[in-house]
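Below, chain A partners chain B and then partners chain C, in two separate complexes.
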Partner chain A sequence: MLDILQAISDGVLFGATYALIGIGFTLVFGVMHKLNLSYAAASVGGAYAGLLILKVLVGAAPWQVFLCAFAAGGVIGYLVYLLCFHFIPLANPLATLMSTVGMLLLIDEIIVHTTEGMPQNYPAMFDDVMLRAGEFTLRGDLLLVFAISVLAMILLLALLYRTKLGLATRAVSQQPVAAQLCGIRVGGVNAATFIVTGLLGGLAGAMIGASVGTLSPLLTTPLTVKGLIVTVIGGLGSIPGAIVAGLLVGGFENVLQLWRGVTERDLYVMLLLFAFLVFRPEGFFGRKAATD
Partner chain B sequence: MKQNVLAFAVALAFAAGGALAQEKTIKVTGFGAKTGPVRSFGVNSEAAMRAAADAINKQGGVKLADGSKAKIEVDYFDDGCNAEQGISVVRRIAGSDAVIAVGPTCSNVAEPLFGILQKKVDDKGDSGLQFPIFTDVAIKVGLAKISEWAFRNVPNEATMYSSVFYWLRASHPELKTVYGGVEEDFAHSRASWHVVMKDRAAANGFQVLGESKWLLADTNFATQVREMKKANADVVAISAHPFSLCGALKEMQRQGVKPKVLVGLTSSSSMETLEGCGKQAQGIIIPTSFAPVTKEGQAASQATAKFKGAADLHSMAAWENMFILKQVMEAEKISGGKNDLQADRRKIRDGLAKLRTTQGLMGVTKRTADREADKPYLFVQAKGNSWVVLHNPL
Partner chain C sequence: MDFYFGLAQLIGVHTLLGLSAYIVLLTGQVTLAQAGFFAVGAYVSAMLTVLAGWHLAPALGIGALAGAITACAVGFPALRVKGLMLVIATLAFGEGVRLFFFNFDYQVAKGGIKVGPLGGEGFRQIRFFPEHGWSTLEVMLFVWTCVVLAMALLWWFDRSRYGAVLRAVGEDEIAAQAVGVNLTAAKVSAFTIGGAIAGVGGGLYAHYTTHIEHSSFNILVATFAIAYPIVGGLRSVFGTLLAVIFVQGVLIEGLRFLGDWRNLLFGALIVLAMNVRPAGFLGGARRA
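On to the complex of A and B.
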């Protein structure tokens, strides 16, 4: 029983990073009704860029690396918007899908060529702290990752529901033509969405790097898949859904790993996705297509 | 005046053409991962091949059947560590004027690739590709037996790990138990644990308590390390490449798992491990078929560095392959002519098959009947920012 409890807590804490990735996917989808498949790669790219501060400032603290990754994520997010969306005909749904796949591969290869594919040591905070209650343990660094992720989600929700930018974003998300008629610059809102999701992605990448302790380009594809699963299970376009689904997928896969082993683990996560697609295609909090 | 200039230019072009025609070349094409997470394998192998070819060419090149000399020309293709791409690349190389291909870097490419080669030489009923492959990096045990056109110059992990566990048993008799950590979805690491390490540990009197499995791109090792902690083995042997090795080692540090001895996978005795988790990898023991301990090894390392590559057990095999090929081409008297391309390929294959020993950077390598190598090796240990020689069992 303790093993299951431990697996659930480990998974849920790590699931916070899945939730951050899922939010990035879902936010872009919510606003533009497009999938940005390069999001997880851009997040990992932001995390790598965070390490650049160590070249400039030897002995920089982990929080400075995270901050640098956060900022770099925003820049990468804007570049992704320019290259994959701004100049691409949005009316063709496949065009942006393919341009973001291309961007995923491009970012992946930039990382590989820059680092020669070598894993990079990533700094963490509180990685030597372990909270214990008998045999039950909680990793200090994962608790921090969880706390930062929750804080980021709260700030994002505040941005969306308490600011003019958030209001404009929600307006564009619901009725882009009407929003434009009201004087909202749709292009500007889209670009801002990418910057915000990019910032969040940079932070997510840094949190993933910190919780694993190492960064590798190997991370981009699995995180893309996990992010998409979280987005679908949470409900396309739903931020609370992405949060709940991220934590659920993290806990679920860890329990399944304990129960059935690592080779079957992903099979069950895919089955969970399949079950949602069949029985609840709108996910936890997504809007039903028929009622839109 | 214009006519004179034109005539001079034409004469110059013919003269240049003639000079170029006199310089014969033999093309050896390498292939391996130059994109993707294991790009460093391909980058280092290519650098070692080019450095070796440069050294051979500076000594005059390869002596051909007619007594003339040919320079070695190296080409290198990227297979992305992907089986389909690897097979396509080799078909392309076989369609070129290359006499042999050196590669691949990944066992998951080598295994299906060797499957498309003709199984037995001169088998008229087998329409498989008749093209020699001389592998430098892909290390999964026993692959060359798939085809008589496949040769490898990779370390024999069964011998190396047998030696590691034998040495551990002899030098630390207090060590009784072994627990494994295995990267389950990578051909090399999976086979190295299940076929080699586990078996060799048991054969040397260790009790194997179990194993924890993870995947190459996993990010969470908590459950696996908890299993490892419960086993409380004296020796933990981790068969994983640097990224997941580092993830596991960091989790072991967090959970306070401190085995008396830590053994690693051959491919992890690289700078990647020290770069990713040098602190946590301190003390890990890994058998390797290369360390720059001989004059030849040091020279090869320096030459490879000039071509922007790093010397390790994999890339130095590529260096050795080039010198072995020079020896074989000269012994088998290849012509180097375009019309004799297939005959030259066959001669090289037969020449490689005849070899019983080759000279390597660490000493003499024995060649086995199934076209594999039995290379000299030693044990290295991570100390500080480098790998230091811990023990030379030979």
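On to the complex of A and C.
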């Protein structure tokens, strides 16, 4: 019983990073009704870029690396917008889908090229701290990852519901044409969405690197799939949904890893997704007709 | 010369993969499940020739049938959702199939050595062509016979009532439904035919590479499958063929002299191609 509790708590703490990735997918979907398949790759790319500071500033503290990854994520997010969305007619959903796939491959290859395919060690904070309650333990670094992720989510919600940019973003996501008639620059809002999700992604990538301990280009595919699953289970376009689903998927997969081993784990996550598609295709918080 | 025959085999198999996504894309559905059907066809037909000692042709037929049945079974629940949700559902299905074969062991001792799929190690020794003395040229001709048959079938569909129904669904579902088109039948049948074509492609792939493993059927293969028709344009089946030749022949083989930089350029060129021709090489302005 304790094993299961331990697995669930570790999984839920790590699930916060899935939630961040899911938010990135869902936010772009909510605003532009587009899927940005390069998002998870961009997040990992941001995390890698965070390591660059170690080259300039020898012995940089982990928080400096995280901050650098956060900023780099924003830059990459803007570049993705410029290269994959800005010049492509938005009425054609296939074209942007394909251009983001091309971007995914490009980012992946840049990572492989610059690191020669070797996994890179990633710094973590409080990795020597362990909170204990009898047999039950909580890893300090995972707790920090969880806390930073929650903080990022709160900041994002504040940005969306307490600022002018957030108001404009929500207006564009509801009615792009009406928003434009009110004098909102839709292109600018779209670009801002990509920068904000990019910042979140860079942070998520850094958190994943910190909790796993290493970064490798092999992370991008599973992260893309997990992020998309989180998005669907939470309901497309729903931020609270992505948060709940991220934590749920994190806990679920860790329990199944305990029961069935790491090779079969993801198979059950796919089955969970299919269960949702069949019985509740709109996810936790999605609108009933949110199928497109 | 054998190198070029080998390249032609590769282009043929990838054309089948692209065509399997083409017919699904005609109905306006974006699918990332084709790698899954490709894997099912590959494993089923390879197990039939290696473990049961069948001839390749019937084994390919059963592989196609297995791909079609899987596609039909997935089609019904997956097509409850559409658009981007379907992309995600099919992506997850494709990964699910890959993970299934990652955990799939079924080995039989044959002549002192064990043959058959072995989880992460993959399925080795699919030696139908060498055992029966087929030369590279003969294999290539066999592959291209299948490709031409599949292309002819789809070309004929495009000119028939059925093709018009598929395109009507792809252009505007509500309008199509209003004139009495059965949306579920159109989508699931397109999905099933796509699954069969992918199954044949997978079977051919397994036999000419002689070794398959779960990572041969990853998301990259699934994205290639939809990339060909999208990059080539949905006007006709020849767009897909053109895109396969462009990607496999020009980008991957033609840029080999660039060494490591080739892979970098590959993603960048797809981004560029979509910026310049959002509706594909042979696409009209209408679908843009």
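A few comments on the model shown:
The definition used in the following text is that the second predicted complex is superposed on the first by the 289 of 292 C-alpha atoms of A that agree within 3 Å, B and C clash if a C-alpha of one lies under 4 Å from a C-alpha of the other, contacts with A are read in each partner's own complex, and residues count from 1 in each chain.
The criterion applied here is as follows: a contact is a pair of C-beta atoms (placed from the backbone, for glycine too) under 8 Å apart; a residue touches a chain by one contact, two chains touch by 3 or more.
On a predicted model such as this, the values are computed, not experimentally measured, just so you know.
Annotation for the three-chain superposition on chain A: chain B and chain C clash. Applying the stated contact rule after C-alpha superposition, one finds that A:87 touches chain C and leaves chain B untouched. The partner of chain A that touches more of its residues, comparing chain B with chain C, is C. Once the two complexes are overlaid on the shared chain, A:64 sits clear of chain B and of chain C alike.
When both complexes are overlaid on chain A, the residue A:281 reaches chain C alone and has no touch with chain B.
Shared-chain residue A:263: touches chain B and chain C both. When the two complexes are overlaid on their common chain A, residue A:219 makes contact with chain B while staying clear of chain C. Contacts of A:208 after superposition: chain B is touched, whereas chain C is not reached.
In the superposed model, A:232 makes contact with chain C only, not with chain B.
Once the two complexes are laid over each other on the shared chain, residue contacts for A:109 go to chain B and to chain C alike. After overlaying the two complexes on the shared chain, residue contacts for A:137 are found with chain B alone; chain C is out of touch. Listed for chain C are the stretches 24-32, 42-50, 78-86 or 132-140, of which 132-140 clashes with chain B, judged after superposition on chain A. Applying the stated touch rule to the two superposed structures, the overlap between the chain B and chain C interfaces on chain A comprises residues 109, 112-113, 221, 263. Residues 35-40, 43, 184-185, 213-220, 222-224, 226, 242-243, 246-247, 250-251, 254-256, 271-272, 275-278 of chain B are the ones touching chain A in the complex.
Across the complex, chain A meets chain C through its residues 29, 33-35, 83-84, 87-89, 91-99, 101-110, 112-113, 221, 224-225, 228-229, 231-232, 236, 263-264, 266-267, 270-271, 273-274, 277-278, 281, 291-292. Partner chain B is touched in their complex by these residues of chain A: 3, 6-7, 10-11, 14, 109, 112-113, 116-121, 127-128, 130, 137, 139, 141, 208, 211-214, 216-219, 221-222, 254, 257-258, 261-263.
Those residues of chain C that touch chain A in the complex are listed here as 25, 30, 77-78, 80-85, 87-89, 91-93, 95-96, 99-100, 102-103, 119-120, 218-220, 223, 226-227, 230-231, 260-261, 263-264, 266-271, 273-275, 278-279, 287-288.
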